[in-house]
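Before I ask anything, let me first share the structure, which is written out below as structure tokens.
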Amino acid sequence: MTYDKNSKKIVDIIQNFARKHSLWILAYGTGCGAIEVPPTMTSRYDGERFGLRGAATPRQADVLLITGYLATKTLKRVIRTYEQMQSPKYVIGFGSCTINGGMYWDSYNTIKALDRYLPVDVYINGCMPRPESVISGFIKLQQLISEGKANGAEKYQKNLEWYRENQKKVIHNWKMPDYNW
Amino acid sequence: MHIQDCTENTCVDQIQKIFHTAEVEIQRKKRVKVKLRLDLVPLFLSYARDYLNFKHLAHISCVDWIEENEFELIFMLWSYEASLMIMVKTRVNREKPEFITLSHLWPQAETYEREIHEMYGINFKGNERLGEFILEDWEGVPPMRRDFDTIKYSKENFYQRPGREDAQDVRETISKHSGEEVPDFAKEFSIRRIEE
Amino acid sequence: MAFDIKGVLAPFSALKQGTKPPHTVRYPKEKKETAARYRGLHFNDLEECIGCGTCATICQNAAIDMIHVDGFETNSGDSGLRPRVDNGRCCWCALCVDVCPTGSLNLTKDYVYVSEDPDSFLWMPGVDNPEGKENLSFQSAEGKPLLEYERIPMHELEGTERVKSFAEVLLGYNEEEARKEAARCVGCSICTDICPVHMHIPEYINAIANGDDEAAVKIIYDNNPLGETCGKVCTRRCETVCAIGHRGEPIAIRWLKGYATSTVNNADLIEKIVNPEILPPNGHSVGIIGAGPSGLTAAYYLSLRGFNVTIYESKSHAGGMIMYGIPKYRLPLDSIDKQVEYMEKMGVKIKYNTKVGKDITLEEMKQHHEAILIGIGFEVPYELGLVGENEEGSIQAVNFLRNINSDRHVEIGDKVVVIGGGNVAIDAARVSRRLGADVTILYRRRVEDMPADWEEIEGAEDEGVHIHPQAIPLEIILDENKKVKALKYANAEMIPDPEGGRPRPKIIEGDEHIIEVTSVIGAIGQSADYNFIPEDIKNQIEIKRGRIIVNEDQQTNVPWLFASGDIANRRADAISAIADGYRAVKGIEKFILKSENK
Amino acid sequence: MREKETTIYLGPQHPGITGNMMVKLKVAGDTIVKAETHVGYLHRAFEKLMEQRTWTQSFPIVCRICVPEPDPNEENLARAIEEIEGREVPERAKYIRVMVLELARLATYGLWMGGQSGSMGLYTMPQWTIGDRDYILDLFEELTGGRVYHMYIWAGGVRRDLPEGFTDRVLKTLDYLENRLPDYDNLLFNNALFQKRAQGVGIIPKDKAIEWGVVGPPLRGSGIKHDVRIDEPYEVYDKLNFIVPTSDGCDVWSRALVRRQEYEQSISIIRQVIEKMPKGDYYNKIPNPLTWQVPPGEAYVKTESARGEFGYYVVSDGSIKPRRVHVRGPAYVHGVSLLEKILVGANIADVSFIMNSLGTCPPEIER
């Protein structure tokens, strides 16, 4: 799917409207932030009101929720997971540690700035962010989608080399198939 | 001999009777500390397990005493019958750290040994699963050793978000304002934040 | 296993939940109130904050930077910096809140911080969220403070015990107390700015806390060779701005300095510990008039820098006012001798009993020295301006103290009135108490207006000195032998100053009293004697209100003439004199080396 | 006939895996022949980081070690420091600590019930239990200021006193949770499907349980009555009445029953704590946190967390920073060596079921 800003405006609007109300989150608890996802998704905060749902596999999912720090070992899996996802796809950085390392700023095993390795559409700040924050983050994502600004996947595609370079800097042994973009 | 109602004192007596070279002391209630020569440790552990009934291996830990060029291995055994813990401590040379595996006594010892091998580089002879455990593609000094500098490593290998370079040091700001010259021998004594 | 019909049907009881209303929080339509101590985003009260940076020090995530904010300048008591939080690091543990010495940093109820821009998470609490003040949530005031706000008490002699002798009143910290007291410091260095000498306070305090007294002494001697004296009698302005002092008792900086320096009990040991770098002689010579705090300081550091320094002192001992003006119970004399001996070891030459103007003229000095520093201090007391002032039984405090410190006997009788409210007055009163007299202090204004240290005032009261504020002396009544018999004074009321200044005392007409006395001691101030300066030079330098005007290098209008100490600064205390001496070193060095380069 | 063996990688991205770890399975048909656990996806080097932090600064770090139940970590570090330093803890603080630890246990069991039933496809249960767990988090928020990471228990006591009327709200929440138990029973524990599914699965034989280093509910689910709260009572557990439930089935079902009964015991413990809690001080202040030096020494302390014995080995060399903090989480054994053993012979579909019953929590394995 490509996004051409100059054409098919109305189609875009309809598409984006549909997309923003059906955000399926990949069930991958990459870090400690995963603990606030169940409360968000269950009866007390009921994320389904916004069309949020868990998806079991990357191919069915729209949103990759990076719930916090990423160990380099996990980063490798996350990149692969992300690349397996189908467009349109969005990445949400969840928690302080995705922004600038959080409390793991001097750890030898976690990356500090997520946007160097994956295109992040929205950051939710907090450690941990409350379910209300999480919902606000999704509302923000929906807003960006309807404005056509949540184009992280496009960015990733365009700057793949730059991302790859950064990724390979921290993943010393790159034994992954390169997907055909 | 089984000691069903083993107390701290009987336990110490019993150990000292058999292991003359062991330094045994009661650290506190329910904790007996045993310092042993490295080569006696496997013998002692199997003795403690089979004769003193310390069946539960609670923990294996390692401390890097880099100043003394030694690693300290600590084994913690718990006796459910006596509600007592023995802490066995021994030192390994840091240059060529080697010990033998305990997985024949306790299968889960294998996990502890894998971690200590990875984090400190101690070789447990007989453990076949030493190798990558928690880290992936790690090169260089095992990270939990004291001489591994995690701040430096993190700075060199990971991108840190810019924008904070304009931060100022309170001490410097004030001494610049007042014209105070702080000599180097004084600077060593300032309470500073963690080096960034 | 039998077919468990009950077990199959039981789960269907869940259906009855369908009749209950859901407990869902319909965020964002409906917002749940956060708890009263919820840890949300920061808020910093910029006015209360002093920029001590303790929050940045305790932050284990290195999330807090100290940043300059417009409208807040670096000055005494405020670093002018304010914390900036990197929310890409913060973990909301609120250690920064609990440790904040002023209580300005708190957390609010707000927590939503969502953005697509990763660079937007640097923000300044209080600047970027001024509305946060209304939303405070987790506050340090609620719990127990992390810092120690109570000072380790100093042991001192009981008031009744003190008056029996001239033994030192403060017994000093012992080692354990000093370590404990020093450990209270947060190392922010706010105090160094207001200190006239800018001593390295946080460093030597932390050295004491770490058990390294020798390092502390070395750090103290780096810019104050009279550290031991200051440790006993400094006016300690540092303690007035101490970060801990905002919500607790300030660190006992003076006493800690006193503790560290008192661990070194002879000059050789000082030399061994301080072991300063001494530059080889540079062939230049400097003359200093007066071996007071400022002269000694200048001499010491000039010597270290390779200058040939000679001090001309009119008396038989060095020390100036700290030798002759401060009573022994505050500052034992051997303490000064020890410090002077150390300085002499470092190359300072002192010519005792040499009064400039009498034994040697300024012109003669000028022939030997390239630069001259005047540090003569204020030794000439102001007169009370009362009838009978010059008769027997009426004495001046400065002379009185000098005589007592020189072990001379002074007859004061058993009823003494001291006139004045400064430290000299209190000293004179307390010394008189020790000589066995009943002492009353008469002071024009209120007790809280007294320029003396509150500790000194309290000490005097403990020792039984009666302080009579708002009393203006009118006349000294003499007996037939022209000896002081009584003092007539009037009570005064305080009149607010229409121009906003401090209130003035005004005599209440008719409210006059007579008090019988054996001695009247005047202590209303001193001035300097500039008669030794030749007229032509005196005409060139500028003297205003009894003080010589100098530039920031302590240089007068005559380039080779420098002035320091009481004659050059208005504060007239030991630490300011030392600061002057230290500045004069730089000025003299600059002056001599500059003329050499020409 | 022996079926051909296939290798399957379960995780790290798999909805059934608790947390973020991987199990490499060798299967014949759908029966597991060999299981190999791979961990390290959540390694943040906490132990290394603590060596760079001062003692006080270590407290915000330890609570991140176990995400569902951070309080035993704080408790352990606090108690270890107190033991090394010989610091007294006020009586009231001890009671408050027990209350916090037991509330955390309730919250964790709520999460566990959701996970256990979710892993067999019963999705109503998580909606209930995790929703109800939120009421406990609300209590935590009121008490500590944080929902998940509390930073509440620290050396010398607890950080803040109880807010006014807090105990009443705790009791009200406990009543609510207790009233919900029949619903949980009907949906899960009396559910014939769950019983059929859980019985005989994930066997930990009684004679092997201690040798394999099993702790907590799995140990008690194998009929061995051991609990740190009884064996080595800490805080005020020796002044409280409670029973340690056991069950002899050695399987997932037994472990579920043990937890179900402990849920009630925890409620009863909290009620006793509230009744007996004395008035007074709640915090024996530590010295200046920037320069606080803990005297040289070492301590191994244990806490019974919801998943079992949580041990901390703490060494101080007398400086302002810990020399070594070594964390031994219950999942360290459960999630690695034990899992490899008991998965053999199970179905692929039971992997996540068994993992949940052991309370595997990867962040505390690799830390």
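The chains carry the letters A, B, C and D, assigned in the order they are written, with residues numbered from 1 in each.
By definition in this document, a contact is a pair of C-beta atoms (placed from the backbone, for glycine too) under 8 Å apart; a residue touches a chain by one contact, two chains touch by 3 or more.
Bear in mind that the values here come from a model prediction, so they are computed numbers and not experimental data.
By number of C-beta pairs in contact, B-C leads when B-C and B-D are compared. In this assembly, the C-alpha centroid of subunit B lies 48 Å from the C-alpha centroid of subunit C.
Subunit B and subunit D have Cα centroids separated by 23 Å. Computed from the mean C-alpha positions, the centre of subunit A lies at a distance of 57 Å from the centre of subunit C. Looking at subunit B, residues 135-136, 143, 148, 150-151, 161, 191, 194 sit in touch with two or more other chains.
Multi-chain contact residues of subunit A, defined as those touching 2 or more other chains: 43-45, 73, 99-101, 103, 105-110, 113, 127, 130.
Residue positions of subunit D with contacts to 2 or more other chains are 40, 43, 45, 48-49, 52-53, 60-61, 128, 131, 149, 290-291.
Interchain contacts join each chain to each other chain, per the touch definition above.
Residues 135-137, 139, 143, 148, 150-151, 153-154, 157-161, 194 of subunit B are the ones that touch subunit A when the two sit in their complex. Residues 72-73, 76, 99-101, 105-113, 116, 166, 169-173 of subunit A are the ones that touch subunit B when the two sit in their complex. Remark: subunit A residues 43-46, 49, 93, 96-103, 105-106, 113-115, 120-127, 129-133, 135-137, 139-140, 144, 149 touch subunit C in the complex. Subunit C meets subunit D in the complex at residues 1, 4, 6-8, 10-11, 13-14, 17, 23, 34-39, 54, 57-58, 60, 91-95, 98-99, 107, 137-138, 142-144, 146-148, 180, 183-187, 206, 209. Contacts from subunit C toward subunit A in the complex involve residues 22-28, 31-32, 60-62, 86-92, 111-118, 121.
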